[in-house]
Every structure is written in C-alpha cells, then in structure tokens.
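Chain IDs A, B, C, D, E and F follow the sequence of writing; residue 1 opens each chain.
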Amino acid sequence: MQSSLILQNLVSAPVLFFFLGVLAVIVGSDLEIPSPLPKLFSLYLLLAIGFKGGLELAHSGLGSQVLLTIGAAVLMSLLVPISSFLILRTRMDVYNAAALAASYGSISAVTFITAQSFLNVLHLDFDGFMVAALALMESPAIVVGVLLAKLGMPAIDAHAGAQPGAKAGGLRWREVLQEAFLNGSVFLLIGSLVIGFLVTTFSPAGLVKMEPFTDKLFYGALCFFLLDMGIVAAQRLRDLRRAGPFLIGFAVLAPLLHAAVGLGISRLLGLNQGNSLLFMVLCASASYIAVPAAMRMTLPQANPSLYISSALGVTFPFNVVVGIPLYMALIQRFVPIS
Amino acid sequence: MKRIDLFLSEREVNKVCKAISEAGVPGYSVIRHVTGKGLAGEISESMDFSGLGANAHVIVFCDPGLLSAVRAALRPLFEVYGGVGFISEAEPL
Amino acid sequence: MQSSLILQNLVSAPVLFFFLGVLAVIVGSDLEIPSPLPKLFSLYLLLAIGFKGGLELAHSGLGSQVLLTIGAAVLMSLLVPISSFLILRTRMDVYNAAALAASYGSISAVTFITAQSFLNVLHLDFDGFMVAALALMESPAIVVGVLLAKLGMPAIDAHAGAQPGAKAGGLRWREVLQEAFLNGSVFLLIGSLVIGFLVTTFSPAGLVKMEPFTDKLFYGALCFFLLDMGIVAAQRLRDLRRAGPFLIGFAVLAPLLHAAVGLGISRLLGLNQGNSLLFMVLCASASYIAVPAAMRMTLPQANPSLYISSALGVTFPFNVVVGIPLYMALIQRFVPIS
Amino acid sequence: MQSSLILQNLVSAPVLFFFLGVLAVIVGSDLEIPSPLPKLFSLYLLLAIGFKGGLELAHSGLGSQVLLTIGAAVLMSLLVPISSFLILRTRMDVYNAAALAASYGSISAVTFITAQSFLNVLHLDFDGFMVAALALMESPAIVVGVLLAKLGMPAIDAHAGAQPGAKAGGLRWREVLQEAFLNGSVFLLIGSLVIGFLVTTFSPAGLVKMEPFTDKLFYGALCFFLLDMGIVAAQRLRDLRRAGPFLIGFAVLAPLLHAAVGLGISRLLGLNQGNSLLFMVLCASASYIAVPAAMRMTLPQANPSLYISSALGVTFPFNVVVGIPLYMALIQRFVPIS
Amino acid sequence: MKRIDLFLSEREVNKVCKAISEAGVPGYSVIRHVTGKGLAGEISESMDFSGLGANAHVIVFCDPGLLSAVRAALRPLFEVYGGVGFISEAEPL
Amino acid sequence: MKRIDLFLSEREVNKVCKAISEAGVPGYSVIRHVTGKGLAGEISESMDFSGLGANAHVIVFCDPGLLSAVRAALRPLFEVYGGVGFISEAEPL
C-alpha cells in the first residue's frame, strides 16, 4: 500500500518536473528559468491558493473546528522554532540556529500545494480553511526566531549588534514585525485569501470569471514552478556539503518529527484524512520563500546558504518525494475514513 | 571629481540610496540583478522568487569633499549587511 | 440604488486587487511585481481586448450607429485636449498643460476593461465597436497635445526648442505622428483588432482556439495587472503632493465633466446602457500607457511626474472606484433600457 | 485549391500575428516583447508540445511505423547537414558552412507547431510520435555539423583552434555532445515528452489537470510568440543584405529541396496526409533555437548573424507563410487520403 | 585611453548609440533597467509597462581624440532630454 | 588597486568567472543583459529565447599584482570567443 502511494506520487506531473529540474543540474544542461519568471509563478501560486482558500473558507464558515485547527497550527508555528532552536544550538551559533528555527517553524506553500494535488489524485477531500492555517503560520515563526536570537545572543553583541538607525533597540521591533507580517509573499497570500472571501460572500458572480485563472491553470503552473525548484534545489545541494552531516540529518529528521506531532494533533482535532495530510505537511515543511528575505533583514549575522540550502535543498525534496506519500500511509493507518 | 562604485545586496539598496542622498550626493545610478562573489560567497539570482534578490551596483559621481560623508553613512550598513565600495578619479564629460 | 452599485463595484475582484496593491504601499510591504511582468500583462490585455473587439466588430458590422459613435469618440479626443489645455493653462506652463491635455483627451484601456467587467456582472450588453472607438481615441489626442504646445510656446523656444537632427521643424512632425500612431501599445491594440476582424471574417474556425487565451484568462490577468496598478498608483500619489491642489482638483473634476459630456452624446447617439457607460468611461479616463512614452519624446520639456501622477495616481483610481458605478447610476436615471 | 490553402493559412491568427510583428519593424513602431518574455513563451511551447507528444506517443505505442518514421527522421537530420555543407562550401568558409549545415539539418519547433495548427484547421489527423521525431532530430545535426567543421578545417587551425582547457582534443567532444544533447531546449522538449509518456501510462488522472495549461492556452501563446518572432525575423532581414544573394537563395531553395525529399520518404513510409506534412516541415525547417547556442560554443569561428539570419529571417517566414500551404498542396496531389 | 560613462533615459538610448557610433567610437556597451536620481528627480522601473522605461548606462572605451566628437554629438541630446556623462582614464587589459 | 572591466558573451561568463577566480581575485561582480557593439558587430537581447544571450559585464577590483594572472587566464578565452577588457586605477572606499 505504502509503496503504491509513493509510486503514485512519483509519477505525478509536478514531481516529475521537479526531477527534470534536478536532472538538468546533475547532467549539466544549461536549462534555466530566467529571473523574474520564477517570481511570476510564485506570485501566481500565492494569489491563486489564497483566493481559492478564501472562497472555500467563505463556504465552510468559521466554525469551532476551523478555529481550533487554525489555533493549533499557529501554536505549532510557535513551538517548532523553540524545539528546533534547542536542538540546533547544540552544534551551531545562535544566529544560524535561530534562522533555521524560524524556517522550520514556518511553512512551504509549494509543498502544501503539491500535497493538495496529491489528495486530488486520490479523490480525498480537504477544506479551504487549511489555507488560512498556512497563511497564519508564516509570521509567528519569524518573530519567534528573531526573539530566540535576541535572547540567546552574547551580551556584547546585544549592544554592538544594534541595527544602524535603531534607537535603543526599540525601532528594531518595527522592522521585525514588518518583515514577519508584511513580507511580500505573506501579504499577497493573506490579501488574496481575504479577497477570495469577500468576493464569494458579496459578489459570487465574479467567481466563475476567476476560475480559469485561479483554478484551471493552477496545476500546469505548479509543474512549471517545480521545474525551477528542481533546478534551484539541486544547485543548493552542492552548497550543503559544506554544511556537514549534522544539518543534513536535521533537515531529514525534523520533518519526520514534526509530521508525527502533526499527526497526533490531527487525531486530537478529529480532522479528516485530507486535512490531516495538509496539517502534517504544514508542520513538516520549512519555509524558503517568506523566511529567507525576512532573515536577511532581521538576522543578517546568519548565513543564508545554511537555511536556504537545508530548507530548499533537503527538506523540500524530501517532503515532496518521500514525505507526502509516507505521511499519507501513516494517515491511512491511524486516521479513520470520515 | 570622484566616482564611487558600491556593491551590496538588493535588499539594502533603498537604505543605501537614502543614506547617500542624505550625505548630499547630487545624483546616483542603480543597477540591479548583479551577481558576483565576495566574502559572503557566491550570490546568484536563483532565490529571486523569494524576494531575496541578488546584488545591486550603485554608481555615484560626486565632489571629493563628499567622500567622507558617504563613507560614514555606509560603514555601519556594510558592517551589518556586507557590501564593498571603491573610489576612482573622474571628470564631467 | 447608487450605493449598491458602488458596493457591487467595490467587492469585485479587480477592484479589490487594486486596493491590495495600494495597501501594500501604505503599510510598507515589499510586495512588488518586478519588471517586465507588468509589461507582459499590459501587452496581453491590449492583445486580448483588441482581438475580442475585432471579433465583435466583424459580427456587428460597420453600420451607421457604429460609424457615428466612433466619429463622436474621435471628436471627443480632439476637443477634450483643447478645453483641458485652456483650463490648465491658467496655472501651468504651456508644456505641462499640453502634456496633461493630451493625457486626458486620450483613454485608459484598463479603466475601459474594468467597466466592461462591471457590465458583465450587471448582465448588461455592450458592443464590440466600442473597442474600435477606444483604439482610435489615443492618437488624435497626442497630436492635438503637441500642436497646442507648438502654438502656445513662446517664440524664442519655438526656434531653440527644435529637436536635435530636425531640419527646419519639418522632420519633427514625422516623429510626432510616429509616436501618436505607431506607439507600441496603440499599434498592438489596433493590430489585434484588425486580426480579430480578419480571423472572424475569413477563418472563424480559429476563434474557438483563441478563446481560452483571449477570453477565459482575461479576468484573472486583469486582477493581476490591477494589483500592480494599485502599487504604482499609490507610489505616484506621494509625488502628487508636490503638484499641489490645483492639479489634484483637475484630476478629479475633469473626469466628471468629461463623463457628463459623454452622457449627453450617448443620449444623442441613442446608445444602449452598456455602450453609454463605455463611452462615458472613454471620455472620463486619462491615458498613462500610450501617452507618457509619446510625450517623453515629443514634449520633453514637460514633467512626466505631473502627467503620470495625475492620470495614474488620481484619475484612474477615481474612475475605477467611484466613477464607474457613479456613471452607471447616472445612466440608469437618464438612459432608457433598450 | 492551392491558392485557397495559402489564403487559409494567411488569415490564421498565428500567421497574422507574425505579420504584425514584421510590420511593427517595417513601420518603425517601438512595439517590443522585452526579454525574458519570449523565453517564457518558448519554454512554455517546448514543455507543452513535449508533454502532448508524450501523451499521444503513449496512446499510439511504439509500432513499426512509428519506429521507421523516427528512424527516417533521424537519418534526414544526418544527411541534410552533409548535403547542405557540400553546397554551402562552394561559396563559404568551412566554419560558416558547417554551422549553417547544422541549422538546416536540425528543426524549428515553432514551424512544426504552426503546421499542426494548420492541420487542425483543415481537420486533418496527425500522430503524437511525430513530436518524438522532432525531438530526436536536433542533436544529430549539431554533432554532424561540428564533425564536418573538424574534418573540413585547415590543418593549422585543427591544432591552434583547440578550445581553451581542452586536452588533446579529447575533452572537446564532451562539450559537443553536451551542447547537442543537453542544450536547454532539447533537454526540456525530451524531458517533457518522457513526462507526458509516464503520466499517461501510470497516472492518467493527472492528464485532465494538465490540459488547460498544455492544451487550451497553446494556440494563444503561439500567437504571442509569433508576434515576437515576426519582430526578430524582420530585424534579422536587415542583417541579411550583407550576407548576399547566395545565402538568401539557399535559405529559400533548401527548404523546397528538403521538403521534396521529405515527401518522397513520407510516401515510402506510407504516412497519412497530416504526418506527411509534419515530416516535410521537419525536413524543410531550420533551427534557430537549439542550434545557435550550441554553435556559439562549439564553432565560435562561425558568424552567428549568418546562420541566425538565414534560418530565422528567411527560411522560417518562408515555411510559415508559403511553405506549409505549398507542401500541403503537394501532399493533396501525391498522398492519398488514408 | 578614455572611459566614458553616460546615463540617460532608455527612450533615447538608440539615438545616443547612433550618435556616438557616427562620432567614430570603436565599440560601446549598454546596460538597461538602470534606476537612479538626478536633476530630473527619481527614475524607477515602475512605468515600464507603458514603454517609458528607466535609464540606461552606456559605457565607451575610446581614444582621447574622440572625446570632443562624442561630446559634440551628445550635447544637444542631453540638453533636450536630460542625461549626464563622465570621463575617466583607462587602458586596455 | 586596479579595476578591471570585461565585456563578453553571456554564454562564456561562467568560464570567465572560473578563470579569474582561479587567478586569485578576491571577488567580482557580473551584470548580464548587456547589449553593445564591438568587432563582432551589434549584440542585442533579441535571441535570448534561444539561450544565446547578450553580453555580460564583469567588474573586478584587485591588487595590481593579479593583473598578469587575470590577463593570462582570459587571453585564450577572448581569442576564441571574442570579448574585450580594460583596466583603470581605483582604491577602496
């Protein structure tokens, strides 16, 4: 059963295009998706996923399960950075540990989307409010990460490391909150969610006209973006050699651990199979879209090649290729069909 | 007249332009999408989709008298975020 | 009634995405649509609107109402610059007055498209020949603007201001006509219109295959482009503070005045409600796509930040948010349902 | 009959947009499709044509006619460069002759796609395995071209012309094969073909979700890309004046000759009318996507403006405008309706 | 040998290249999508969709003897449309 | 300190960066999408869709002592593929 799930996932178009990108780097092809085309697809995917999430949220309403699930998701985005920081701190300096912690507490929208496509192929339902959970998990993890760095940072640094132009460390927080909540991708995702909600509630006639753009194109655009992700992930893998086995191990084991916790919470919340998979994927995935830009500004002492390479070069492929079918297999064993 | 060439991350380019404007330079030019290599390693455009960006090249032609103000404005930024700067001689066409 | 129209317009996806862009600038998010992606969407929208216009023109034919409407539209694009110039000249130098006059005499294709979407939601018909009117209103206004500058310009300038390489002012006209009629966006719009017409007339089998591209994607692409327009318009608003209250006042009152004249002409021509709205919007809108590039070349003495900021920062949002539903309310009062 | 085919081809949207691009250059419009948008459309077209080809290959299977046709196509991509080289060598140096030979032995995917659209309009069937032929014709021609240059090159050069870093000419071959087989466009086309095949075979549920992207958008995206091709081809035409009448003559006569041979082979293979047209177009077209980048690296002594200008400025428009309907007319005369 | 750096609007870049070619320069390089600030205020890429464009940076390495021809070719263009130019010393690698 | 400006086809930019890195330069910056004119004629971006690319501008600030190594590394590449290089004086900001 499990092996057939893995196979089913492996021969899906998005995963195959991801591998095609990886292969291009391995064999040395000059295939590339020049900038800003990847940005076009990432903006599109965020807009579309937000809009559809808002639409379905409007249909499902804000019942108690919805609120509990979102609350649990936000809680995970606060706890995962703390536990990750404690583990990482055993081998790493405070800045890199904090930046990695923020990344693993936050989420990967593309992993989430790939899981949704996987559920579609399996004909399993899931709910739109999971997108709201996704949208609300990015910012808290960033704030916790910066907070951990601030708490853990050596006393001397705490004085000298003040950002230029920051008055007595106070102004600094404005910048952290700015990066956490107004980051372009967070902003677009939440904004599109709200717009999807408003349009569905007040002007449903407009929905049909959005559908070809937000719905029909989605799967193909995901394939195209994953082709680029494959290229970038494979390039990143090279960097990772320098990072050493500890970080590579963390990048594989952390998603397993977080997914397991996510499975436990899903059971407690009584989520159906589809939502359980999405919840696990939210916990297990690490951010490489919203977090790097935020960390660059708020924790410039951390080395971007560490947090980008582990999140995008290891954890992302692991989740997309092995994780999603594996988590599904666990769900089929532990979560009853609703 | 002096020519100043700055290389830094695109993320800080607005901060840098603000700083040099306040230092009194009469004008500047900015080239984005610059890749390269420096102390912080190789910088490519491949993370552009995340808003991380590549480097920017800022070019300023100004009076020698402004050099120290520009230097003072940039030093703290370069110390925190990285970036390099060079000067050479020039004259108006 | 009016307030419900405004509400209906406000909760439409395109207008909401416009607001999202504005909000991004206000709160200081780093959301941006990097160049040349906005160009992709503007090329796409011009191609699609032109093609669909040509298609419908082929269906409706060139009857007398069609020709009269197009004639009236072209007339407006000649008269509006003159009256605007006279008003603006009271407070501005001849170059800026002329460039602004050209902008307000010309049209905004995106405002037009937004009005079409609004009519779709209200289930009101409109005709394809209105796109022909749109296409033919851009160039005359540019020519009139340059002519006004030439007539109004101080004698000394008239000699000294000759463009480099221009021989005795004669060659100069070639450049003006070039910019007015062969401007990339004018050229693409008219070219696509002609292609839509030809394909519909001679090879209707090809239409079905174009439809997913020119039709289905249209609404979503409009939303995406309006997100960028919101960002740019909000950035422009800041510039406008320098321009002073006179120009801001003009940018709000001119569309109202021109829309009112447009309503009168619509009644004279006996246009139906849908076409009346589009006619009013053509009169009321100001160009920020075709005109700035043309003015930069032909009236370099004018300050682009004035004409771009008033057309894109004030008149465009005003028309999209308040103008369109307001004009519709007037139409419902004065134009009988056909 | 023939003239009606030409007309039918001329009024198709893709051909008309090609002409619109040409016209833009002729009249001096500033219309342009800024980089990297043309790249977006070329990547998209390669991905979509590959995916659809793989899909149909999975349906048709690898029967003997399929294998024979593919074999014949590969044979043509080996022979055409040799004969072209011999002709070109009468007037040109060995490097330019070899680069041009590689270009004419290889194929133009856009010409192929335009021919497919033409067949769609005529309601004539064709098979997916023709895409496999297309994909397999690019690389051999490149290898043969480099081989011809190596064989034909003066003895002194053969020593001195060794690439920097090449050890005893051995390493050189790695680079040639790399450019021939791992060239970005070849790689994406073949990769997408394989993915289309795998998805169709193992996970057909995913096909429906790809369709709006790979199928529905295709025709419109082709129009957009051809608009750019028209602009670039017209710019190239200017360059060609320098190339002289011999090369222009070659660029028109070679496709006719190769198409005629292609027709003969189609008859021998017993291909139906649709496949015959595609086979002829493969033989007749010259590459300006995969080959220039490969030649730049492997035959830097050749002048790119010669091989790009003749393939893109003459042969491509000739095939798209005159060639395709002409070949179809020949097919209607010589190939029985299956 | 001299190095000339020109900054001007993308809209005029073809005119400028034609002018300096005719002045006899052996080659030039053009970087588009340059933003910046000068007498005419701030120039961004945000109006790119309208064909207005940002600035371009034109770099020319040429003999000192060509300077006056280049200057004469550019002066009228810069006067009408704006733009700045600077010179410095250089030598071939 | 020396400033080196290289102009060459985008296709060879990786080779060139590798060569100058191995020659020991402490850093470099690369600007792609550069158009221009030289011995090989005009270079535009219009063939970008084919992977052919336009030019790149590589900027290196380094010690004078590295010049000959850089020159030696680049000469064979420039001879085969074209490209030009120039040097001028500079100092750190």
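The rule is simple: a residue touches a chain if its C-beta (ideal position, glycine included) is under 8 Å from a C-beta of that chain, and two chains touch if they have at least 3 such contacts.
Just so it is clear, the model here is predicted, and its values are computed rather than measured.
In this assembly, F is the chain whose CA centroid lies farthest from the centroid of chain C.
Farthest chain from chain A (centres taken as the mean of C-alpha atoms): E.
The best fit of Cα atoms from chain A onto chain D calls for a rotation angle of 120°, in steps of 5.
Shared residue numbers account for under half of those found at the interface formed by chain E and chain F, and the copies are therefore classed as meeting with different residues.
Once the centre of each chain is set as its mean CA position, chain A and chain C turn out to be 41 Å apart.
Our note on geometry: chain B versus chain E, Cα centroid distance of 20 Å, whole angstroms.
Chain A and chain B have Cα centroids separated by 33 Å. Shared interface positions of chain D, i.e. residues touching 2 or more other chains, are given as 30, 34-36, 39-40, 183-184, 212, 216-217, 293.
Of all residues in chain B, those touching 2 or more other chains are 31, 33, 48, 51, 88-89, listed in ascending order. Against chain B, in their complex, chain A makes its touches with residues 35-36, 38-39, 41-42, 161, 163-164, 183-185, 228, 231-232, 235, 288-290, 292-293, 296-297, 300, 304-305, 308.
Residues 36, 39-40, 43-44, 47, 51, 178, 182-184, 187-188, 191-192, 195, 198-199, 202-203, 205-206, 209-210, 212-214, 216-217, 293 of chain D are the ones touching chain A in the complex. Residues 7-8, 11-13, 16-17, 20, 23-24, 27-37, 40, 117, 120-121, 212, 216-217, 219-221, 223-224, 227 of chain C touch chain A in their complex.
Put simply, chain F touches chain E in their complex at residues 4-7, 31, 33-39, 55, 57, 67, 70-71, 74, 84-89. Residues 1, 3, 17, 21, 26-33, 59, 61, 88-93 of chain B touch chain E in their complex.
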